[in-house]
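Next come the structures, one after another.
What follows is a pair of complexes built around subunit A, which joins subunit B in one and subunit C in the other.
The block that comes next holds the complex of A and B.
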């Protein structure tokens, strides 16, 4: 089982890649607190879709973990799992352990 | 009686080469003799007018003779090529096949009866009017294969007018409307059909050089691969006068590059469908994607952005699908088009449009741009569902050199930024090692994603 820290690192790796082509960059130096989407977030909905797909592919490639992040459940959660790097990592870990709401 | 007009030029040119097959030359005299032998064989086997007969074949002289004799005998011919592979049994059932012509036995060709009696309304209709028929299966790259039934008489009518006698390469397959069209064009004008077994760019270019091919009917995907392979530089293609391309959207970049490397060749888009036959078409210019479609026997109109065609040579209908015709006889092609005066630009199949948050994306536009990126050999774009935007644009990309997915995505986003609307930039990229076209040299969008 991969630890949350590994998941965070994978997400930050994708954020670094996205920053190469973003006008306003994701503040990766804030680590888990780096905002992604919504309040303070720099991604628009298209950027979010690309980001999430890339995270899914990276997790699969580097950790051998298959998760579906952009499903209806994620979109309908009251506290969006896409608001920060940390929230997304929590959501990934919950999916991996089957404890999603 | 049905092939009289078609074979007139052949009869006048008995000494001329009709077919080059496996490096051997067959004259029209030999072909006509072979057709006569088939007439006898068909009579002896008791095949009646309207019999539904499968012909497993490529463009061998024997197969061509069998096809023409079957038409002459008023049979409904179902050409099948090796490209259909696992679907053969299914096709035999769908077409209610009554007999099978077997050319594979070296001891001699035979006609085997299946014991089936065709009862489909369209097949009965052909039997009743006594006309030969043709059944073509759609290639199936967009779902289930559909069997289009044609009356052969209107298909042949187009070849009653003599045109230039050409040396043509049989690139499109024997069971494809384009292949049938190539064959009938060559025969009706006493041209020469150059057949090939290997359809790689190098083999095709070698055949063009060796046999002084003048016309190459092919697909945009093949032409793209040809440019990538640089085979055109290794062979003398100066005999080539005309390249026709159809069956899928032509990327503008491929067209522009072809223009550069083959300035002496006329490039012409064709618009053909299994259901309609091949429409005469005229490109605005050799490097233009705009094309006039129609000609004698064809009318066109656009409804809701989709092209509709009314054709004298249209099929009677499908054996295994509802009628695609409007009540007043227009065929709904399903192709989305732009219109400029009398010219059309084909954007792609409506069924392949990707809807990203309400915005439309045509795969061909994105594929075309991706294939102009350095290092991209092939790109195939399709939709994938997304909870956020409804669908996303997924690009499968074959690269010519090793590159990490992350590095390629970054490069792609930067490359596309000023060239594509943001929603068209693939949100998902998958790197692949395998070619993404089928044996018919057409991009496969559905099967892979």
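The block that comes next holds the complex of A and C.
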């Protein structure tokens, strides 16, 4: 089982790559607190789609983990699991361990 | 098409088989899938056993395609099931099974293919509907309504995927001489065909003609459309 730290590193790797094409960059130096989507986030809804797909593919390639990061709360400002790197990592780990409903 | 990767669902027989061979003749790599093994042999063809109504299996299938080929250029959602039954005599279980393949399966495959396509900002998705939708064919409520859902899915996904350079279109064939209509009484087929502007059965070539148009690199401005054959 992959640790949360490995998941965080995979997500930050995607953010690093994505920053090369973003006008306003994801603050990866903030680690788990780096905002992705929502009030402080830098991703718009299309950017979020590309980001989530890239995270799915990176997790599959680097950790051998197949997860489906679709969620009806995706674009919710308060409850979105994609608010920050840390929230996304928690969501990924929950998916991996089957805790998510 | 020489280095393109085309995924064809339902490629073991019927229209799917024909379109897989058609794509191979054009020179690309074709990855086909169906619930059973295929006897199609070609250097550029690979076949996977996948039940497209199984979400996990579809995710795994496209993950394997990504690892092996790194891309998908075209997805042809051919896999489908039909059922003739009066709505008052259709069990919920049958209705659900038809939706699981025709609607959910088309959705799962489109979603996973689009994930690969969006990275290269290019893709073509073609879904299968039927002339039975605009003709409002009675006696096939589950099948016709599922294919109407495919049209709606095509129209909405076309808008959602346009920013990623992906087009989504659908084809609505007339009856064609395949397994799908073999169990349908001849008089019903004759009645249906008689309602077309051009009253004849369709051919695989009629289908391939429209598919080629939708898949063409030059068709980047064509999306969210359903082309019905036979003049319906």
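Just so we're on the same page, the second predicted complex is superposed on the first by the 93 of 101 C-alpha atoms of A that agree within 3 Å, B and C clash if a C-alpha of one lies under 4 Å from a C-alpha of the other, contacts with A are read in each partner's own complex, and residues count from 1 in each chain.
Following the convention adopted for this analysis, a residue touches a chain if its C-beta (ideal position, glycine included) is under 8 Å from a C-beta of that chain, and two chains touch if they have at least 3 such contacts.
In this text the structure is predicted, and so the values were computed from the model without any measurement.
In the overlay built on the shared chain, the residue A:60 is in contact with subunit C alone; subunit B does not reach it. Shared-chain residue A:17: touches subunit B; no touch with subunit C.
When the shared chain is aligned, no partner comes close enough to touch A:28: not subunit B, not subunit C.
In the superposition on chain A, contact of A:94 is made with neither subunit B nor subunit C. More residues of subunit A are touched by B (comparison of subunit B with subunit C). Judged by the touch definition given at the top, the superposed model places A:48 against subunit B, while subunit C stays out of reach. In the superposed model, A:71 lies in contact with subunit B only, and not with subunit C.
Where the contact sets of subunit A with subunit B and with subunit C meet, they give residues 46, 49-50, 53-54, 57, 61.
Looking at the complex, you find that subunit A touches subunit C at residues 46, 49-50, 53-54, 56-57, 60-61, 66, 68. Residues 55, 59-60, 63, 66-67, 115, 118-119, 163-164 of subunit C touch subunit A in their complex.
Contact residues of subunit B toward subunit A in the complex are 356-357, 386-389, 392, 405-406, 409-410, 413-414, 417, 422-423, 425, 427-428. The touching residues of subunit A, when paired with subunit B in their complex, are 13-14, 17, 20-21, 45-46, 48-50, 52-54, 57-58, 61, 70-72, 74-75.
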